[in-house]
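In what follows, structures are represented as structure tokens.
Two complexes follow with subunit A in common, the first pairing it with subunit B and the second with subunit C.
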Partner chain A sequence: MTTLRVRDYAVAPGGRYRKDGPFSGEEFRDDILVPQLLAAADRNEDVVVELDGVAGYGSSFLEEVFGGLVRRGVMAQQDIGRVLSVLATGRLFKPYEMLAQRYMQAEQQRMAAQV
Partner chain B sequence: MLPVWVVPLVTFASAVLASLVAFGVQRWRYRTDRLAAAIDSLCNEINSAADKATAYWLIDDTAQDRGKIRLAEFELVGRQSRIQELIGALDVQDEKLVVVDLNELVLELLDAMTGGGFRVADRPLDLDRAARVQAAAARLNGALRVALSRRVRGWEWRAALSRLGRLLPKRSGP
Partner chain C sequence: MAVLRMKTGKVHDSVAIRDLVEGLKALFPASTPPDGAKSLALFDALTEAVGNVMHHAYPADGTYITPHVGRWWMTGAVNRNAGRTAAAVYDQGTTIPVSLPGWVSYPGVRRRVIEVCQRLGVTDPADAPRWDGHAIKAAVEESATSTGLPGRGHGLAQMRQFVDVCESGRLRILSRNGEVVFRPNREPYINHHGAPICGTLVEWDVYLR
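The block that comes next holds the complex of A and B.
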């Protein structure tokens, strides 16, 4: 199992796109999460993204990371669900865990409706 | 003729009883007042954050000073954390307070406040999100107020039933 702690990469996660400044959702997704996810899938392992320990999130960061992961189609949707878990242990970060899951589900539903 | 100790004893017992009742009432009032104050404070924080967020979404980023917008963005993320911390404190203060659909309402508020084009450079103003923030805040406020009313009514009923229970004769075994 690979654990990715967002706090190891950014104390204060930024905005949605790379052009909006450092530690954006796009940057985290493309430079850190996707490579780890693909490598873990090859090894038949899980990836856990830990959300705790940062100075708060903008919801747009989470949407770009997790909704964007589904949108970009880097893996089959069922594989994302199988390999990736989002986790927050602290009370402060629990809503962000639920938001991340909600963004993934919403994007899956949106794409299913388009097919 | 009553023995001489009866009058002082009854007087003393009445005084003790009255003190206990007064203590119970004061304790109940203290708990309800404290809970109401905590919910007031949380609602004020939610309203203030929603107003700030609405002002943020009504800024056309393409024509504004980026420094002011950055300030609003950091404030909004901070206010999200404050709201969550206050909800956590409320949960500790009264574990039996039930706010219906609390998680759903908080997620709706967080998404409306800082989702979409939040922190996206050159974003246009977002009227839909400005309205959604206010609606989400109103729903969360309403749910908190309803929860407070239910909780206080629950206390009133429990206190009344408990008083009634004390007045009723105790059942002896079968």
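The block that comes next holds the complex of A and C.
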């Protein structure tokens, strides 16, 4: 199992897109999360993204990472669900865990409705 | 009242936002620190406010009331005794009412403003400056129903949610000629001013304890 702690990459997560500035959701997703997910899938392992220990999250960052992961289609949706877990261990960060999961579900539903 | 030095930038500088929040937290007496969840929510709200500047304030083909320098400005203050905290983000951009037609959720916003015009029996165009307060209110409410997808202005909802998390205080948004004040569990206060603010000012006045 691979554990990605967001705080190791960005103690202050930024905006949605790379062009917005450093520590964006797009940057975290494409440079950190996707390569780890693909490598883990090859090894038949899991990836846990741990959300605790940062200054907070704008909804744009979380949506771009987790909703955008589904939207980008780098992996089949069922594989994302099999390989990826989003986790917050502290009480303060639990709402972000729920938001991240909601963004993935919302994007799955939106894409299913388009088919 | 202790006021932090103004910060400014041209990119989404989350470290500057984090530093502002940490600076505000440091102004509280050690015996009565601010609430952890509220401090996180302040970072989230400021992040979305700066994100809105990046995505909507300075389009290349935008119309501007005055010349601009394409920046955001941000500051905050704490009344140490009362635990009352203010934070504000300003930009000189094209304003929320002017940028709304480019938002994905604009049809819903426009419908809400037209409903207000019809209720009042007024035939002004819905995008006239006197309706700016209603347009801002509608944009915030419409954004709360969106999914957070790009282009939906979902950040406005998170900016308002912060006041609800604090359970007291207010969010005030001034943009072009409009003004809206949101308070928890109360109808928003809507106003319009004869002169525009030449940009957008977002201001929170809350209790972080």
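What we mean here is this: the second predicted complex is superposed on the first by the 115 of 115 C-alpha atoms of A that agree within 3 Å, B and C clash if a C-alpha of one lies under 4 Å from a C-alpha of the other, contacts with A are read in each partner's own complex, and residues count from 1 in each chain.
Keep in mind that, in the parts below, a contact is a pair of C-beta atoms (placed from the backbone, for glycine too) under 8 Å apart; a residue touches a chain by one contact, two chains touch by 3 or more.
Keep in mind the model is a prediction, meaning the values are calculated, not measured.
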**Message:** Both complexes share subunit A, so when I overlay them there, do subunit B and subunit C fit or clash?
**Reply:** clash
**Message:** A:R110 in the overlay: touching subunit B, subunit C, both, or neither? Say first, second, both or neither.
**Reply:** second
**Message:** Contacts for A:M98 in the overlay, against subunit B (first) and subunit C (second): which applies, first, second, both or neither?
**Reply:** first
**Request:** Could you tell me if A:R7 is touching subunit B, subunit C, both of them or neither one (first, second, both, neither)?
**Result:** neither
**Item:** subunit A residues touched by each partner, larger count belonging to subunit B or subunit C
**Value:** C
**Prompt:** Given the touch rule stated above, what does A:Y57 touch, subunit B (first), subunit C (second), both, or neither?
**Reply:** both
**Asked** Is A:R18 touching the first partner subunit B, the second partner subunit C, both, or neither of them?
**Response** neither
**Asked** For the superposed three-chain model, which listed region of subunit B (61-69, 97-105 or 151-159) is the one that clashes with subunit C?
**Response** 61-69
**Where subunit A meets both subunit C and subunit B, residue numbers** = 14-16, 20-21, 55-61, 63, 92
**Item:** Touching residues (chain side subunit C, partner subunit A) in the complex
**Value:** 11-15, 17-18, 21-22, 36-37, 39-44, 47-48, 50-51, 54-55, 147-150, 154-155, 157-158
**Prompt:** Which of the residues in subunit B come into contact with subunit A in the complex?
**Reply:** 73, 76-78, 80-81, 84-85, 88, 103, 106-107, 110-111, 113-121
**Asked** Which of the residues in subunit A come into contact with subunit B in the complex?
**Response** 14-17, 19-21, 55-61, 63, 91-92, 95-96, 98-99, 102
**Request:** Mind listing the subunit A positions that touch subunit C in their complex?
**Result:** 10-16, 20-24, 55-64, 67, 92-93, 103, 106-107, 110
